[in-house]
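Both of the next two complexes hold chain A, though its partner changes from chain B to chain C.
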Partner chain A sequence: MERIKAIGIDAGSTAIKVVGINEKGNIVFYKVEPTSFQMKPQLEKIIEELPKDVPIGATGYGGDLISNATITASEIRCHSKGAHLFLKGPGTVIDIGGQDSKVIVIDQEGEVIDFTMNDKCAAGTGRFLETTAWRLKTPVEEMARFAEKADREVQVSSVCAVFAESEVISMVAKGEPMEAVIKGLHRALAKRVASLAQSLNIIPPILLSGGVAQNPVIKSMLEEELKEKIIVPPYPQLMGALGAAIISMESKTKVTNR
Partner chain B sequence: MRSLIKKLKLNTLKTAVTFKSCWNYLFFDIPKSWRTDILAPPLRIGVKTKELITKHYLEGMYANGIKPVAWVTSGAPVEFLKALGFYTLYPENHGALCGARKVALELCQEAEKNGYCIDICSYARTDIGSALSGKTPVGRLPKPDLLVCCTNICQTVLYWYQVLAHHFKAPLVIIDTPFIYTEASLPDVEYVQKQIETAIETAERIAKRKLKFEKLKEVMRLSKIATELWLEVINTGKNIPSPISAFDQFIHMAPIVELRGEPQTVDFYAQMLKELRKRVKKGIGAVIKEKKRVLWDNLPIWYSLKLLSETLAENGICVVTSTYTYAWGELAPMIDPERPIESMAKVYLHPILNRGTGDKLSLMKRMVKDFRLNGVILHSDRSCKPYSVGQMDQRAKIVQELKIPAVLIESDHNDPRAFSEKQVLNRLKAFMEM
Partner chain C sequence: MAYEELYKKLDMDIEKHNQLMEILGQVYQELFLSRKNRPEGMNYFDGVIAEIHGKRIEELFALKEQGRALVGTFCIFVPEEIVVAAKGACYGLCGGAQFSIPEAEAHLPRNICPLIKSAYGFKLQRTCPYTQLADVIYGETTCEAKKKTWELLSQLHRVHVMHIPHKKETLERELWRKEIERFKVEIEELAGNTISFENLKEGIETVNAKRNAMKRLYDLRCKDGVVSIAGLDALLVNQISFYDDPVRFAQQVNQLCDELEERIEKGISVFPEDVPKILVSGTPMAPPNWKLHSIIEQSGAAVVAEEACIGARYFRDNVDVSGCETVEDLIDALLERYLKIDCACFTPNDERVENVIKMCREKRVDGVVYYTLSFCHTYNVESKKVMDRLKEEGIPVLRIETDYSMEDVEQIRTRVEAFIETLR
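Take a look at the complex of A and B:
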């Protein structure tokens, strides 16, 4: 394995993401684990296995629990730093995570100009697809495949993740094809996220990150809604951790340069 | 507290040296763990604030039968009531006190148990819960002989006061203030003036005395001076570093709301101003290492003042001022003691919540410039719809036009169930890094 220069840990509420980067900022190591309800010991165990004497950047809901972090930074800053590596200039990051979604507008240097978040309503996050997938007895990874097969889409009127569950059940019971219902669910999520993005003065290009970015239907629907092309980086789920690693590397150089 | 009340009941009010023992139960204690590493020591005037408020509620406990009692909304024209010798109680302030004392939730739940919906303003729920259960951290609230509700802050008060009228079987006077976008028109002023005149007649009947015009003028004069002083207190924040933070203002605003029109309030703010000017001379900032200066929009989050002020101060951020506290000073020039009724009508038509969202945006922009601020925190208050409507656009405009960061945090001023510490701090952290 190439020598790791810095580590970033994004301790999210759904998953813990760890990346190691080389001095060019390329990912040379990564790890993703679902977050257990006892986050602290879980994090300690993860850190134990990591190389020592390397700066660690921490972020995410559990970022403060990482006691030996060189630096902690907000998720917003970390996501923008990570995404900047791919955007290579000003642009917009849309991150759809398991429990929240955020839109960040960044400048030439990857610094945050403006941001907005949805951390109040599950209907605008990955959880929306997860709960409905569970009700439809379909693995969440399969949802996009179903949607792609649909020749039409059913309008899901509900704006609440909990009520959407019962809504889709009744639609299927009424004889609507599963595919059309699932496509409708994708549309509902894409529209929610698009309107969140449109509340800011977003600038192209747009990068989509977070676990949901792996879903090609969401990507293309967002492109339709926002009328912009969307870039999906190789490891969309790792943007926060990557940014944290970069920030910790930068802070280290700053200290030694002083 | 119960034993204290018993003691008070046994003694006459005169021997209620219990004031001292009462003291600890009321309003704010200076937090035992005051962070002197990041914050200037608490303002010395704090002792006086506590004294005024303690006395006010203590007087309230014994007001029934001694003075006519009126319960009023925070934006109600109170001067004629003062001139008629009423004891005035502000349920909203009492609500804030319950919030800061962290008992608001229990009272809200009392109201909810009785069928009041969780979507109703948490001040209203706190107050209705307190009225229905008789629970209050101040011992006992006097029963109202009159209710005065002015709609210049919201429509919630209109229904809330009808509930109070029904519960206490007390007469209710409603002063309807048409919504104005920027400035009131002459017919607006005349319309409100007529209602105030009718309200005076009702109040006279209840107080069993005639309003003396000279007395009213005097109360108006005291109101004006106190309001001017409060504005000057806020304006000391224009200095860098700012000697006062919005968190200080939230605490020390109680007298300007609750005790407007009284000589002691004038003395109080004169003294506070003196203390702040001394701080300015010595270059003492409310936040020790003031690096960034920001504006707060909307009501405070009463149960989280300490957490928020410390988190921000740790990062060198001073919340210099707020649109909320400013609202109690900005109308000072409009008060004309020589034409008390007409100017009351005018002043009480113009509070921030009775003006348009565009007007509020201009105010915020002006404040950013005048106070030399580099950021804005907008508290989207689940309870207070009229204050929160328009904040999304106001935030966007501030970011675009002033090129400064602005963050929206979602919470509630009195109901801690709407406050998620992690989420709020998460957003603030990103804001602080910008």
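Take a look at the complex of A and C:
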């Protein structure tokens, strides 16, 4: 393994993401594991296995639990910093995570100009696809493949993850092909995220991150809705952790922002 | 259980009330008492909170036994000067806690504002001694949900509704004048005597003095770069202004201000020197709603002003009694003062937008958090105008919509932290 210069930990509510970066900020090590009920011991165990004497940047809901972090920073700032490595200038980050979605407009240096997030519900987040996938007895990773096979799309009117579930069931019961329903679900999510993005003055290029960025149908639908080309970085779910690592490498002294 | 006898007289649900007070005690310890470097003058206000359902209730009960009028309200439109003139007490009613909302939702729709649900729930639960004590609850017509909830509340308690106009033209001025006159007659009936010119003038002067003290606190809480008192503490003082005896309260606020003046002189700040300074603008925060302030201040910024009814809107303008010779003159003076209230229930309401900008300049804030309770349509819709104007002025603004529940605290923290980072 290449020598790790800094570590970033994004202790999220659904998963803990860890990256190690080299001097250039390239990811040379990463690890993703689901968040357990006992987050603190879980984090301690993860840290034990990491190389010592390198700066650690921490973010996410559990960021404060990482006692030996050199720096903690907000999720929004970490996502911006991580994405900036790929945007290489000003631009917009759309992050669709498991429980929230963010749109962040960043400047030349990767600092936040403006941002917005979804309200406190699962509409416009990965959870929307997850719950409906579960209802359709389809693995969530397969959802895009089904959508791609569809020759048309059914209009799903609900953006609420719970109501969409019942809407989907009634559609399937009415005899709508599953592919068309799944494509419709993708459209509902993409439209929701696009309207979130349009509430800001977004700057191209747009980078899509978060677990949902691995879904190619969401990517192309967002391109249609926003009429902009979208970049998906390698390891899109690691942008927050990557940003935390970069911030820890940049900050020489120990500071705590929160 | 020192006050159990009193609670029984007030037909309260004592067991449920104990649960409420236990939660309140824990939260207060965590958010207030455990903080370092608080002004000593806060001791009095800590004591008020400790006895908020104790000594103060005893005092009010004693007034009731003397036949004085006790008036509970939910809005700064109710002219408390008239109640004070009649030697009665006018106070705000509980409406800031999640605790009573589940009960309320058995009667009220879920999608109306939490303040109304909370207040109505306290009456259903019989856990708010202030509500139980009130001879009459004065509702008003500032929004649709309140207006219709009063109809339901009146089945449980004596309720009067003041007709608050929604425009400020000739017709509405006439209407509002009539409402103030009617209010005076009703209070006189309750108190069993008429309010003389001297009584009313004295009542006005008492409340003016209280507002002056609060204005002084507004000036001193952040001055010459020194944040002399945490935003949470200043918010608490603003909240207590609706419960306490007005004369004693003004004295205590002035005493606190003397201490803050010393702190400013010595440069004693509760935050680091370069702390970002925030104005919170929007819907009122009734106690124990300390959610947003605590998140902001835990995230490393200081709240230095509240543009809200529990905040500057309450104490900004005084009643000008100069040249008044008759009761009618005083009522005119009240009319003038109350029509300066820039509540979002008015249309148009451009003076509010300008007042927000003015406050930003006065307090030299780094940013604004626009706070709106869920389903508060007036403040919610008006956020666009306020935010557009702030952006025009180059003042960063973050909009937060939430209720009293704790489920979204971490989501709000994420936004607030990122916002504060952009201000550095």
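Keep in mind that, in the parts below, the second predicted complex is superposed on the first by the 251 of 258 C-alpha atoms of A that agree within 3 Å, B and C clash if a C-alpha of one lies under 4 Å from a C-alpha of the other, contacts with A are read in each partner's own complex, and residues count from 1 in each chain.
By our rule, a contact is a pair of C-beta atoms (placed from the backbone, for glycine too) under 8 Å apart; a residue touches a chain by one contact, two chains touch by 3 or more.
All values derive from a computational prediction rather than experimental measurement.
Participant: Assess the superposed three-chain arrangement around chain A: do chain B and chain C clash, or do they fit?
Facilitator: Here chain B and chain C cannot both sit on chain A without a clash.
Participant: Classify the contacts of A:61 with the two partner chains as first (chain B alone), second (chain C alone), both, or neither.
Facilitator: both
Participant: Please indicate which partner A:77 is in contact with in the superposed arrangement: first for chain B, second for chain C, both, or neither.
Facilitator: It touches chain B and chain C both.
Participant: Where does A:10 make contact in the superposed view: on chain B (first), on chain C (second), on both, or on neither?
Facilitator: Touch status of A:10: no partner.
Participant: Can you give me the overlap between the chain B contact set and the chain C contact set on chain A?
Facilitator: On chain A, the residues that contact chain B in one structure and chain C in the other are 61, 73-77, 111-115, 117, 119-120.
Participant: Going by the contact rule set out above, which residues of chain A touch chain C in the complex?
Facilitator: Chain A reaches chain C through residues 13, 61, 73-77, 100, 111-115, 117, 119-120, 257-258.
Participant: Which of the residues in chain A come into contact with chain B in the complex?
Facilitator: That would be residues 61, 73-77, 111-117, 119-120, 199-201 of chain A.
Participant: Please name which positions on chain C make contact with chain A in the complex.
Facilitator: Spelled out, the residues of chain C in touch with chain A are 298-300, 401-402, 407-408, 410-411, 414-415, 417-419, 421-422.
Participant: Mind pulling up the chain B residues that touch chain A in the complex?
Facilitator: Touching chain A: residues 392, 396, 399-400, 405, 408, 410, 420, 422-423, 426-427, 429-430, 433-434 of chain B.
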